[in-house]
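The structure is given below, and queries will be raised subsequently.
Note that the chains take the letters A, B, C, D, E and F in the order they are written out, and that residue 1 is the start of every chain.
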């Protein structure tokens, strides 16, 4: 068994603002991240998959297929987008990087087309100094 | 004479869209970067200054003062902002990273408070793979 | 559940020398790291915390509070210090990076002020090529 | 207990080609990586070991001995080599980075000369964007 | 005037061996890099171009066109190749990274399709610790 | 003509304190860097040399010789040292990184054993965010 981690990147913008909170609370909790027109990041997403090495090919994953899947599920819908305005997942969800990570993991997991390798975890970096990791539910259940 | 390069970072968002161009041209030239609600980056700005080493202190620059100056002139007005909506410099200027670099260099140069060290150049990275460098006018004039 | 890793850095110096060992053994075991006046490193500490994402705010941690806590417990007492001479934790403990990591993890864990997120692990890098990881006791007990 | 990760690097070349597959299948599966004369990478191997910190020395591992062992078992036989032509391990095994990682882990584990620390895992990066991790069998058995 | 640096990467293999030298001299000069079947690297090429910022578009270069040109002239012919066996430029030239850089700069310069921006320099990294820079002839002539 | 940059690293400690300044001034100017027992850094030194590519060997420099020279002149005398206490160059010179860079450049230049390549410049990084560059006198004289 082997774990392969593949790196993807996309730029996006967000505004941290919760409709469930008062303006004063939004300011207090999110500070400058609550600026009305938003700001942005180069998000770095590391997708880790786990499975056996195929004895004939020596491969654990078909990288071209994995790339196509991650681009379709994550990079295309989120990249070069304003997460608040352009992405339905954040209609009722504040697009913190915590929530962005949760959504990325769920989008990858729910339509995962392979029995092997399976999705192990995703990591998403907002900056070099702030990194979030979500272990895939199936992994945790073991 | 020594050159000191100091690194600053700020997140911001932008939309590449020129009022001087037709919608079709905006689409053709800027592609996804023209998405209406914008997207963002972690901009990395390297400020290079050049001057003599003070014989008594062994320093070429007062870092606390340089940091205060760069924060006041660049990081505060641009960080956590939408460059198109929040920054007057981009009222009539497309906020490409080329133009952002030109504006950052000019803002630093115009109010530069020291005779030594002088501003040598700035570098601004949109991503690890796209880096822009503007040599300061005074440097070039030599 | 999500894991957030936040990066901190501080410069410090140390000398590897054990009072329990003969001079010959100190030389043999620690080599150049036993030079009497010490040497130093830019230590990089990654603090990982684990907890749920708050449904209202979309946050797993209050970063301003976490930063204040880590600065008070680790960066202030250790940064810009000689670990052997300035830090009581190393009165009877050789300040290897192994021991520095153990002390950093314990200092963070013992006064940890939150029930959630909890401290998961710390990583400390002496250089890019030498990295130490200490899983928090509470994590291991699970 | 502490985990120490130590980084090693070596350049090598490989051709992805399986004698068990038809030429058409080799082309389809490996694409440009099947070019007859091969291509190469700077492989980065992170070796993680796990053990207690020695109370007297404050060390978890004798780095000089670990370096000697990893160089002898991995860096010398694989570095500056063509994996297909020069390394017996790949006589009947396609030298994908998956298989290279499996072989590196096995070579380190089989002759591991210490009871403590024990080998925990190895990570091998083909590029910054493709990283493989093999947890050591003994670790998994726990 | 602005300088834009764009990063490209490709893996390739090479053997350092000169037909003009005796076997003993090849061994003495190139050491392990003279292993008969070669070894490889992930080469990183930074292409720097220099020109004015277009007042209407705010761009200094059409990145899609630059990428197409660099891929066609450098990444396609050299990537996933054995430089000694697959690339005619090295029929009579030892494929050291010095010579690889010289060849990359010349291939980009000779067919350079734009009057602005012009090619300023290229940098090529064999590893993080060995980096070569070739200033473009036209730049030096100024 | 080609420029080769080779990277070296060494850990050292320093205290910023000038005998020519009052204690109050030392505190005001150097702050925490004036802590009596010092602190340290992983210094990264990039040595750039410039020369022609040898037509027969394809090399611009004999790396083994360059490494031996830089180790003897810089890495051995400064690495794992307290710059204030162990290095004579800093008897009357505050070991700021500015001065360390000036001393490193001078030590390399004064005994430079080759007519080609010649020393072009050195860069020294105290941290990723503070980088100093000294162009070699001979280069500037041109």
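Basically, contacts are C-beta pairs under 8 Å (C-beta built on N, C-alpha and C of every residue); 3 or more make two chains touch, one makes a residue touch a chain.
These figures come from a predicted structure and were not determined experimentally.
Participant: In this assembly, which chains make contact with chain B and also with chain C?
Facilitator: In this structure, the chains that contact chain C and also chain B are A, F.
Participant: Tell me, please, which chain's centre (mean of its C-alpha atoms) is farthest from the centre of chain F?
Facilitator: A
Participant: Which of these, A-C, D-E or C-F, makes the same contacts as B-E in over half of the contact pairs?
Facilitator: Repeat of the B-E interface: A-C.
Participant: Quick one: report the Å distance separating chain A from chain F, using the average Cα coordinate of each chain.
Facilitator: 42
Participant: Distance from the CA centroid of chain A to that of chain B, rounded to the nearest Å?
Facilitator: Measuring from centre to centre gives 29 Å for this pair.
Participant: Which parts of chain E, given as residue numbers and ranges, touch two or more other chains?
Facilitator: Where chain E is concerned, no single residue meets two or more other chains.
Participant: Mind listing each pair of touching chains for me?
Facilitator: Chain-chain contacts present: A-B, A-C, A-D, B-E, B-F, C-D, C-F, D-E, E-F.
Participant: Spell out the residues on chain F that touch chain B in their complex, using ranges where they run on.
Facilitator: Going by the criterion above, the answer is residues 16, 18, 20-21, 29, 93-96, 98-99, 101-102, 128-135.
Participant: Which of the residues in chain B come into contact with chain A in the complex?
Facilitator: 9, 11-14, 32-33, 35, 37-42, 79-82, 84-86, 127
Participant: What part of chain C is in contact with chain A in the complex they form?
Facilitator: Spelled out, the residues of chain C in touch with chain A are 1-7, 53, 56-60, 63.
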